[in-house]
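Both complexes below contain chain A, partnered by chain B and then by chain C.
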Partner chain A sequence: MKLTVSRESLLKGLQVIQGIVEAKSTISILSHMLLSSGENGTTISATDLEIAVREPLEAAVHSTGSACIPAKKLYEIVREINSQEITIEQLENNWINITGGRSKFRLIGLPEKDFPQFPDISGGESITMAASDLSDIINKTLYATGDNDARYSLNGLLFHANPSTGRLVVVGTDGHRLAVASKDLAASLSEERKVILPRKAASEARKLADSTANDITISFNNNNLVFSVDGIVMISRLIEGSYPNYEQVIPRNNEKRMKGTRTELLGAVKRAALVGREKTFTVRLEISEGLAVFSSNNPELGEANEPVEVEYSGEPLTLGFNARHTVDLLQAMNGEFVTMELQDSLIPAIIRETGNTDYFCVLMPMRT
Partner chain B sequence: MPTDRMILQADRVIMHVDMNAFFASVEQQANPALRGKPIAVTGSGRTVITTASYEARAWGVKTGMNKYEARKLCPVIIFLNGDYAKYADTSTRIIAILRDYTPMVEVLSIDEAFLDLTGSLRLFGSAERIAYLLKARIRQAMGLTCSIGIAPNKLLAKLASDMKKPDGLTIIRPEDLPGALENIPVGDLCGVGRNLKAQIESFGIRTCGELGRYPVDVLRRRFGVVGQRLHFMGLGIDDSPVVPDEKADAIKSVGHTMTLRNDTTDMDFIRRQIQLLSEMVGRRARRAEMAGKTVTLTIRYADFTTFDRQQSHAKPTNETGEIYLRALKILDTLQLVQPVRMIGVRLSGLEYGRTQLSLFPEERKKTLITEAMDGVNNRYGDFTVTFATLIEAEGRGRRVISPSWRPDADT
Partner chain C sequence: MPLASIIGQDRTIALLRGILRRNIAAHCYLFSGEGGIGKTQAAHEFAKALLCREIPDDACGVCANCERIDAGIHPDVRTIGGEERQIKIDEIRAIDESLGKKAFEGGRKVVVVRQADTMNSAAANAFLKTLEEPPPESVIILVSSRPELLPDTIRSRAQNVRFYPVPRGEIVRMLEPEFRGEADIRSRLASGRASLAVDPELLKRRDEFLDGLRRAVRGEAEADQIWGGREEIDLWMDQAIAWLRDIVAWQASGSSALLVNADREREIQAAASRSNIKAVSSLLSEIYRVKELLRFNLNKQITFQYILMRLAPVLR
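So, the complex of A and B:
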């Protein structure tokens, strides 16, 4: 195999796979990428056995074939090389020549036949959505997922496509907070789908969505979810097991409503948390008519007091919140105002972007 | 440790109180028939002696001997199973007396404490007077004796209390230095264990005097920061403060170990003991409002080979069930090749944090049940309410006193 590519397009292609290739994998082939040229053009593929990605690469092919190249090293070389064009050539014994301008590199590759076969992505029903919508929906839910939680299903995002409501609902929760974002389904599915996309794959899908302005196709393919756009295909295995019944944790009787300016509330929580006890991140929220006061105290440091003007009329109420969780969700929102729906200090709070019915969060208070 | 911090604070007055043959003396006070007789307290179900009375010591009986060896030396010795609840209670009462003289009381273990008396002298006169007051009150209230050391720092106070036993009072004054240490063997220094002692002696250093005069550069090259510290210890310099309570110095880990009555290969039994230890560890962590990411399982085989394995999780926990599951996961990775003598469970990587209730009702219930159980057990004693599987477990309700025992945490 021998081909010549523009540095710019190779760099872009390599950026896409960097998050998937595992630099420290115990299986050395997983730190490699497969570059292949054949009848269907030139492609780059990479996998960590959970996620696999394949993308087209525009190249002048001198001779076809495949090469298995250390992905991170190639990326570093291409990033630094001082030439508009780069030639990659597969030699005997898996040696790979990389030349560009006056630079010459010779890398040790691996036998291409050892590279994991790309999964079959044919079949399965699909839905299509704007890349910016996919990015937005992941952005608003991913922060709330569990990380390395023993309850495996929490370490991913629930994609719940419901043809009877015509909505795609994406849910993330770590057991203390829950984020629910939804969009209209732009295709009709034959049946309801509930799949759990692993955290890492969701993050890669967001990156993919951020790299394009075109529509993304999402296919439900057996035990996989496939994202395709601009000829790039990303397939991820799903987390098996059932996702907790998230609707059950959404309180129904939160009648106290507090409306405030999002950035003001965000700033107040951030500042109040500064003197909180390290690592507990509990801030106290006292709400009375027209006023919300965030406060914290730490016997070793002192106190903080952050009043914010809000719209509230009703019984005064005091709650505690995990400051980091509160900051996360206020940052994920982008409306000017947010509304908190509350009941008492032991009932989960619902937080919405005022006027936006497509997104809300549920937050379990901390005991103060 | 930077040199400029190590300034001899000659104006500090530190006292070390060490109860004499504590467990044995408590037993002799509880039962007058035992007074004046050679007795030894053993860990329950085991044959190893934890404390021998002075009468038994006169026959050569020492801590760490087994019953057989002790009886060979002293045929009339009386053995008693340790009653840890009694010792913990006595200790708490003694510490309450110490606190009458200064709030600066650092409880080192169940029978030892440091007091910083610097600020109390104006009230009570001299440290010597406080020592006599303390001794009299402890003797009157509990019939127990203690050895007291008074010195300008903790290192010397501990050495001093060790010099005269039982019922001693030794004072090392700043002006006694460095001569007071000249002939003290390095192994007597607090913090110098058997291994370190052997390494120091390989330099030809046997006494504190020699240690203090030894070129500090050589010590530092060989022992790193410890070398610097050793140098100061040899000179009798120690600026470590008396740390009054547990919270001032946040605890870094909580752990419990348990030596089984009989060595065993019964996996069900081992799992049950791990559950028991998990409950003890979980309860301590919850009481301190701490949760940890790392669970360590320690196993000691019949031949005393000891090893531990640990696993860390992203999410800190202090729930008994979760600690138990994590410890079992570690156990699953082990191939036990010998009967097990001792098991330990430890929770580390601790973070301060109140438990946040879960959004999920079932999990919320679990937390609330745990809290209710803790509430009952705090009031009516450990294991009043517990898991049905633990009813058969060994050592339930047996108070194991760990070196990190604190009076406040156990009452």
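So, the complex of A and C:
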């Protein structure tokens, strides 16, 4: 194989896969990418056995073939090389020559046949959505997922496509907080689909969505979820098992409403948390007519008190929240105002972007 | 066909192939039996057979799945353990997490844990949840030559598949074509372990170690000179055990039929006439006990010198 590519497009292609190739994997082939050119053009593929990516690369092909090249090293070389055009040539015994300008590199590659097979992605049903929408719903839910939770199904986002309601609902929860974002389904599916996308894959999908302005296609297959846009195909393995019935934890009778400015509340929580007890991270929220006061106290440090003006009329109410969880969710929201729906100090709170019915969070209170 | 090619484990292999044929693989197996008799090999071939699409009850060895499992690069097959150290909790957590996802290629997910008894207790406990409620389509194969060291909680969650030492006759039959003149002595030295029987260095190493032991106890060589490092301690112990065992066997039966080191009959005979059976057999059981203690952090070199000292009266 021998081909010439522009430094810029190769660099862009390599950037996409950097999050996926593992620098210190126990399986050395996984730190390599597969560069192959054949009848269907030239492509770059990489995988960590959970996520697999294949993307097209514009190249002038002198001879076809495939080569496994150390992905991080190639990226570093291409980034530093001082030439607009780079030639990659595969030599005998998996050696790879990289030349650009006056620079010449010879890298040790691996045999192409050792590279994991690209998963079969035929036969799934697809939906399409604007990249910005996908990025938005992942952004609004990902923070709430578990990390290394022994309940595997919580370590990912639930993608629930329901043709009967015509909605795609994306849910993240770690058992203490829950985030639910939804969008209209642009295509009709023949059956209801419920899949759990691992955390890392969701974050890569968000990156993919952020890199484009075009519509993204999401295909539901049996074992994987496929995101494709601009010729790039990203496949993720799914988490096994069923997602907990999250609807059960959404409180039904939260009739007390508190409306406030998001950035003011966010700032108040952040400041109140500064003197909080680090282990529990609790902030206390006292709501009375027109005023919310976030406070915390730490016997070793002292106290903090942060009043914020809000719209509230009703019985005074005192609750405790995990400060970090509260900050996460206020940061993930983007409306000017947020509304908290409350009942009493031990019932979870529902938090919405005021006026947005497509997104809400549920936050478990803490005892103060 | 690889599972079928494992020597001397006919009943066990038939059991495994029956499982494959009827497609009733359980979620967790414990392959147990002495070291070197083919458990690890069988676990590897069983993993291949579970994913091989060519043959229903064995691995073809040539399809893409088989080839990649052989090369250790199949995305849905993981092998851990089998190194000279404990299996740590991080490795088990990685397994747990990986089994918690659907198979990369859509078939089964297989995990082989070699020397499962080297899991430390934190790792074993971390494994319990997965063994208790295994994710669908996953098969975990624990391999251990010392299953009694595994926690009960692990053993009770796995189906035990026993492997037995290979009968000597079968080893002889297997060796005949390649090692004509040596088949008999090799089958004896291997004591039922097929992988050892075909080791080209088997006889040479036996001679080296046995003569080393004897030179050292006679004072012809310093213990430090023949000591090659801590990883040799098992070999030295095994050599000493085989030799003492032969002396006892001779003293008890007066016949060469039961000897391991049958080619050294005369030396055994001489040693047997010099010592009494009670002393040798109590020494033998002591060395067994020390061998057992080696898995705790004994200083290997001091242990070696101690063994030499104890052997002196018999080997001199």
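To be clear about the criterion, the second predicted complex is superposed on the first by the 367 of 368 C-alpha atoms of A that agree within 3 Å, B and C clash if a C-alpha of one lies under 4 Å from a C-alpha of the other, contacts with A are read in each partner's own complex, and residues count from 1 in each chain.
Everything below uses one rule, namely that a contact is a pair of C-beta atoms (placed from the backbone, for glycine too) under 8 Å apart; a residue touches a chain by one contact, two chains touch by 3 or more.
The model shown is predicted, which means the values in this text are computed figures rather than measured ones.
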| item | value |
| --- | --- |
| Fit or clash - chain C, chain B, common chain A | clash |
| First (chain B), second (chain C), both or neither touched by A:D114 | second |
| Which superposed partner A:Q248 touches (first chain B, second chain C, both, neither) | first |
| Which superposed partner A:L346 touches (first chain B, second chain C, both, neither) | first |
| Touching partner for A:S9 - first (chain B), second (chain C), both, neither | neither |
| Contacts of A:A150 with chain B and chain C, given as first, second, both or neither | both |
| Partner chain(s) touched by A:I239 [first = chain B, second = chain C, both, neither] | second |
| Which superposed partner A:T282 touches (first chain B, second chain C, both, neither) | first |
| Touched partner set for A:G175, first chain B, second chain C, both or neither | first |
| Residues on chain A lying within both footprints (that of chain B and that of chain C) | 148, 150 |
| Chain A contact footprint on chain C (complex, rising order) | 64, 68, 71-73, 75, 93, 96-106, 129, 135-137 |
| Parts of chain B lying in touch with chain A, wherever the complex brings them together | 313-315, 322, 325, 351-354, 356-361, 363 |
| Of chain A, residues touching chain B in the complex | 146-150, 173, 175-178, 244, 248-249, 277-280, 282, 322, 346, 348, 362, 364-367 |
| Footprint of chain C on chain A - complex, ascending | 27, 29, 47, 49-50, 114, 116-117, 119-120, 148, 150, 152-153, 155, 198, 222-224, 237-241 |
